[in-house]
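Structures for review follow.
Two complexes come next, and they have one chain in common, subunit A, joined by subunit B in the first and subunit C in the second.
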Partner chain A sequence: MAFEIVGKRAVRKDAAAKVTGRAKYADDFFERDMLVGKVLRSPYAHAIVKSIDTGKAKALPGVEAVITHEDLPKLKYATAGHPWSLDPGHRDVADRYILTDKARYVGDGVAAVVAVDALTAEKALKLIEVEYEVLPFVLDPEKAMLPGAPVIHEERPDNILGATSEEIGNIEEDFKKADYIFEGVYETSIVQHCHLEIQSAYAYVDADGRIVIVSSTQIPHIARRIVGQALGVPWGQIRVIKPYIGGGFGNKQDVVVEPLAAAMSLAVNGRPVRFALTREECFVDTRTRHAMKLYLKTAVTKEGKLLSLHMKPICNNGAYASHGHTVALSAGGKFRLLYDFNSMKYEPKTVYTNLPSAGAMRAYGCPQIFYALESHIEDIAREMKIDPIEFRKQNLISVGKKDPHSDIVVRTFGLRECIEKGKQLIKWDEKLEKYKEQKGIKRRGLGMACFSYASGTYPHGFEIAGARVVMNQDGSVQLQVGATEIGQGSDTVLSQIAAEVLGLPYDMVHVVSQQDTDITPFDLGAYASRQTFVSGAAVKKAAEEAKRKVLEIAAWKTGLSIEEMDIKSARIVERKSGSEICTLEDIAMESYYDRLNAAPIEGNASANVRTNAMAYGVTFAEVEVDMETGRIEIIEIYNVHDSGVIINPLLAEGQVHGGVSMGLGYALSEQLLFDTNTGRPLNNNFLDYKLQTIMDTPDVGYAFVQIPDPEGSVGQKSLGENTTISTAPAVRNAVLNATGIAFNKIPMTPQTVFEKLKQNGLL
Partner chain B sequence: MYDIVGIESPDTLEAAIEMLSNNPNLKIIAGGTDVLVQMRNGALEEIALLSLRNIPGMADIRIMDNGTISIGAMATFAEIFRSSIINEHLPVLSEAAVSVGGPQIRNMATIGGNICNGAVSADSATTLFAYNAELKLLSREGERTVPIEEFYAGPGKVNLQPAEILTAILIPETGYRKTSGCYIKHSTRKAMDIAMLGVSVVCKTAGGKFTDVRIALGVAAPVPIRCREAEAYAIGKETSSEIIREIGRYAVRASRARDSWRASKAYREHLIEVLVFRALKEAVIRDGGEDIG
Partner chain C sequence: MDNYEKISMVVNGKNYSLEVDIRESLLEVLRNRLHFTGVKQGCSVGECGACTVLVEGLPVNSCIYLAVWANGKRITTIEGISKAGELSRVQQAFVDEGAVQCGFCTPGLVLTATALTQTGRKYTDEEIKREISGHLCRCTGYNKIFNAVKRVLNE
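For the complex of A and B:
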């Protein structure tokens, strides 16, 4: 396929608005007499709220309302940003109230204040008197599953939120046949998204009595439904508006602040109330990435053929379900299409603990799974003295491979080329040779890791997207999408697809960036790297409809058939000769003003995408380890992706930069820590939570292997989340190469490296 | 939130002292990068501020006739690391200054605030210890000058009298003339981070031997410290790798590191040994010595 606009480095649609400060975020909107809401949080990890006395707080001048669970409907709801399921067996776990009557982690909201300003609200919080019955608590999921552990939700006396077992083939038989069996245990830590813009919403009741919520969300249509469920209000009574948002990475694929913002407004007769979290609150009261402990056992033949894999992740879910077990389940469907195991058994358990809730975060369980899998594969190759790259290559799947559980078929598979490209970029063979016998204080090493990922959630999830194209008099169009731009660049890429299909210059597509559930076509939102693949299908369909209507008018005018014409650079041309028939503007003007036939051109489409496309990639890393201080420096790092057709290389590179930086934090420095004696967070701020800065981020190299996927509307597959999956295992494997030490737990902070060096007698 | 009930901005030191003396609850604010953070954390409530920003001359950096370098308390870290006087005579302070926070912080944060805040991690403190700095303090009772070592009283505590202002930091010529040195800040991140350990060394050598060695550590005890035993050991010794390693080991003795979730005692002590070695080795190289490996 030859493209005009797809594949070009088109400048982001929102670039000017963002760099000039004209883009408005939730906090930039003001209503007259806006009030401020704040939350009183439990100081205990596990405690029953016996009574709350709000009298003194209510008496403070400037306080407009104080609410507790007693003032709110007793409705349990689920917060995950998934489409609703008509099948009750397929729904998210509804396990929370807007304000709780039992605190399940330090920071759980027990009361809220609405006041004239933030300072007054904070003073009022201190005046609320809560009587708690403090309960024993548990932070470790393995301990939470033991008999006699504190019960966090009565509905789940064993604290197990989800436990599943999926087997392909027969692992027992394959383990019997194995020449070698390898076992490994790998652990990851709790980390957070650290989007620049913290969750913020404001709510009011409009003149028609409907609740309007302006929120920094990835999922406006889903948020509307969940607020309706939490408040017990018909969904149509709620309107959610999503302005520009400053990042989400999955943390805003969850309904966190909106129900309480609405409840706050309702408590003051519908006056506008702003409810914005602080960074410290964001760390505890939004979502985190599940910490996992993964038990792996692998059967291998003496020729180095991977026979069978048994993987058992224990996922620390924290206090409330949020996305819960879906994260582990979904990741299971993604890693199975990488290596050609004869049999596999995947048995994840997701467990409640008295910690902040884990939910969706970029690549949804895969960074954990691939950290474990790619560390394990590396360890096996080393153990068997097979070159780790060759070992991987001889076990890769090939095109046509089908996952028997999901029925996903691999149609395009560019991973082999990705590996070759990565090897060349980092000068693998040459450097490996050079770094063979190192004795010094600073030692270098190389490592790599592969991954597989899906494009959207089908078939586990339901994938619907909506788009509308409205043509103006001059032939330009407004593109309305239900997909949310959250910084990933979907507005730009979807505009490119619309321009490509419609034969328009890119500048003639005006994308409406704001989503408003009253106006915007129905779409589930931004997650699962679905927008380009799934929403792209809806945009293509809507654009095709508009194009057909244009050509129908042209056909009626010229007597040519639709098939004989095309639109090129906003002109109607005859396909055969390429000669211009008229301008698009001529047609558009007729569509508006022809006295007989006027009908302005629109394309309206909903796409229910019942397919998926497996995407692949690899990270190659070179590190330098300071054998005295335990510091790990990244010398070079490359990501090579098989994501089908790259619609916008500029944005794709940006995704790689961001994803790798996030992956490096995961590998080296980030982790949310809790006091084991109290369950209190130790480092819920950016001083102590070591998010990497630009000074810590090396130059990130990239390359793309572009094989058009037949099911992508323009040959594309996923990319956004993919970029962060293989960083940590590649760095870990490079450190192993440099030092001979296998780190089976991340992050590899200088302190932990020091300890390992000591343990191994290297210090 | 920022619970500020008022702010005074006097334009002379005398007026500032007067206001402070009349209202002991006034809180001095310089760049505000510590004060505002403490306020936001709820550590300071209903605060009336006294800003020093309108007082002329308080950010001056100059060499006095007797060779003493005077750094105004209101000099920001950006001004310090760009000052030619500092870069020529106190290069280690420049190194420490540029390690602070990020560009925005360095534009606001003052050296006076860094010292008066009393944090053991203060990047300028270790180096000022190593340069034998003195602090010029002014109150209604008049002016006093105290060695910086005597100013630190405990974690977050300094010997600032009520209604007293730090006006300048003085480094006598003997503190810096013909010295070499090095500052190493060990932190997880390369910017926007607080030292897990700060090591500042200043030394003089002659004929391949140490004639003066000053080693200061941050985050190795409740306050910044000097490593006297290590310093005494070093005098007259050769600037060899073995000797410098030994000095590193001696330096650990002065420390009172403890276990915390940020870093273990064992790791901190190990870092003292390694980083004192590295800093001193680098100082010798900068002094024209060779890289002794």
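For the complex of A and C:
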């Protein structure tokens, strides 16, 4: 298919708004009479709130309300940004109140103050007197499963939030047939999204008595439902507005601040209340990425054929369910379509502990799983003295492979080409030869790692998207989408799809970036790298409907049939000759003002996307390890992606840069730490939590292998999250190549590298 | 009222005289009182650079700069960068190079880059990186931001 606008380096729709400071984020709106809300947080990791005395706080001048769990409906709700399920068996775990009567981690909210300003609110927090009964706590999920461990939620006396077992084929038989069996244990740490815009919402009751919430959310329609459930208010009574968002990465695919913001407003008779977290609060009271400990056991033949894999991840979920076990389950469905194992057994356990709650974070369980899997595969290849790339290549799946659990079929598979491309880019063979037998203080090494990922959540999840195209008198259109722009560029890419289908110049598509649940077509939001694939299908459908209506008017005017005409560069043309019939503006004007037939042109579509497309990719990394300091430097790094048709290379490159940078933080520096004696966070700020800066981030190389996927509306597959999956294992494998030491835990900070080198007698 | 002090400052070429709480940061006054909401708040403690404004032409984290210190000073926020509906060279470079994603770090980076262009100096790649290393960006991996800044400094 030849495209006019799809595939072009179109400049972001919102770029000008953002470089001029005109783009308004949730915190940038001011209402008259606006109050400020703050939360009192538990200093204990586990404690029953025996009583709360709010008298002194309430008496402080400037304090408008103080609320505790006693003032709020006794309704347990779930916060995960998933579509509601009509089947009660498929719902998220409802395990929390807006304010708690039992603290389950340091930072759990026990009371809230609404005051005239932040200083007064903070003063009032100090005047609230809480009597706690302090309980023993547990931070380690394996300890939390032992008999006699502190029980975090009464409903789950074993602290196990989810434990599942899925088997394909028969692993027991394959392990019997194996020539070799390999085992490995790999660990990842708790990290955080660190979007620059912190969660913030403000709420008020409008003139019609409805609750309006303006929030920094990836999921406005879902947020509306969850606020309704948390407050026991009919969902139609709630309106959620999502302005520009300063990054989310999954953390805003969760309802964190909205129910309390609404409750705060209701406590002061509907006056507007802003509830914005501080950075320190954001680290503990939003979501994190699950730390996992993964036990892998693999059966291999002597020829190097992977027979069977048994993977058992233990996932540290923290105090409340949030996305809970779904993260592990979903990741399980994604890695199965990479290597052609005869049989596999996947047995994840997700466990409550007294830590901040883990939830969705870019690539949803896959960074952990692929760190383990791709480290393990590397280890096996080395043990068997097979070239690690050849070993992978001889075990890859091929087109037509079907997952027996999800029924997803791989229709396009460009990973082999990706690997070849990556090898060339990094000059694999040449450098590998050069770096043999290094003895110096600085040692270089090469590593690589592959991944597979889905496009959206189907069939595990339900995928519905909405779009509306409204044509103006001049032939330009407004595009309204339910999918949320959070920085990833969906508004731009969806505008390109609309322009392509409608035969419009890109500039004639005006995208409405703000979502408002009263107005915006129903869509689930930004997650699972679903927008381009799933919401793209809805946009295509809506644009096609508008196009058909345009051509119907043209047909009526000219006597030609719809099939004989097309729209090109905002002109109606005859398909065969290419000659212009009239301008699109002529048709649009008739649609508005023709006395007999006027009916302004709109396309409205909801797409229930019951398909998926597996995307693939690989990272190649070259590192230099300083054997004296333990510092790892990235010399070169390349990501090569099979994401189908790349709709906008400029934006796609940006996704790769950002994803790899985040992956490098995951591999080398990021880790949220807690005091094991108290459960208190130790580094919940940007000074002590080591995010990558420009000084740490290398040039990130990239390439795309573009094979149009028949299920993508323009041949596309997912990309956004994919970019961060294979970085950490590639770096780990490169360090292994450089030093001979396998790091089976990330991050590989200079301290841990130094210690391990010393342990191994290399220092 | 002993917590309050009267200050005058010039913001984006316009004079403002107002009473501020002596505990208030310049960030708070610019955002909450004068509604220059292009000044972004990512941490409030000088760690992220999102709140950068120019004070007498120099980049400053406005969250850790007291409003009273701005008395008599010339402040530039992102709202003062584009003139007559035209983007500045720095802004245009950020747009063209794809240096913007969520945009939350963007105003601060544009201001620091603008200050660099005004020194009239040449910068090596390492120096450019060092100059903008006080800005955190979680979206872009900095590659395109670097390209944009380098392009403007070399133009």
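Just so we're on the same page, the second predicted complex is superposed on the first by the 763 of 763 C-alpha atoms of A that agree within 3 Å, B and C clash if a C-alpha of one lies under 4 Å from a C-alpha of the other, contacts with A are read in each partner's own complex, and residues count from 1 in each chain.
Everything that follows uses one rule, which is that a contact is a pair of C-beta atoms (placed from the backbone, for glycine too) under 8 Å apart; a residue touches a chain by one contact, two chains touch by 3 or more.
This structure is a prediction, so every number in the text was calculated from the model and none was measured.
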Exercise. Is A:690 in contact with subunit B, with subunit C, with both, or with neither (first, second, both, neither)?
Worked result: first
Problem set entry | Contacts of A:763 with subunit B and subunit C, given as first, second, both or neither | first
For this session: Check the residue A:682 against both partner chains and state whether it touches subunit B (first), subunit C (second), both, or neither.
Result: first
For this session: Could you look at A:749 and tell me whether it touches subunit B, subunit C, both or neither (first, second, both, neither)?
Result: first
For this session: Name the contact category of A:50: first (subunit B only), second (subunit C only), both, or neither.
Result: neither
Exercise. A:660 contacts which: subunit B (first), subunit C (second), both, neither?
Worked result: second
For this session: Look at the residues of subunit A and decide whether subunit B or subunit C touches more of them.
Result: C
For this session: Tell me which partner A:610 touches in the superposition: subunit B (first), subunit C (second), both or neither.
Result: neither
Exercise. What is the contact status of A:197 with respect to subunit B (first) and subunit C (second): first, second, both, or neither?
Worked result: second
Exercise. In the superposed arrangement, which partner chain does A:434 touch: subunit B (first), subunit C (second), both, or neither?
Worked result: neither
Problem set entry | On subunit A, the residue positions that both subunit B and subunit C contact, one per complex | 119, 686-687, 692-695
For this session: Could you please specify the touching residues of subunit B with respect to subunit A in the complex?
Result: 1-3, 42, 102, 186, 188-194, 196, 261-264, 267, 270-271, 274-275
Seminar exercise, completed: Residue positions on subunit C within touch of subunit A in the complex are 23, 31-32, 35-45, 47-48, 50, 77-79, 81-82, 87, 91, 94-96, 98, 100-107, 110, 129-130, 132-133, 135-146
Exercise. Can you list the residues on subunit A that touch subunit B in the complex?
Worked result: 118-119, 122, 628-630, 669, 673, 675, 682-683, 686-688, 690, 692-696, 749-751, 754-755, 763
Exercise. Along subunit A, where are the residues that touch subunit C in the complex?
Worked result: 9, 11-12, 14-25, 27-28, 30, 119, 193-198, 244-247, 249, 278-279, 486-489, 650-651, 653-654, 656-662, 685-687, 691-695, 697, 699-700
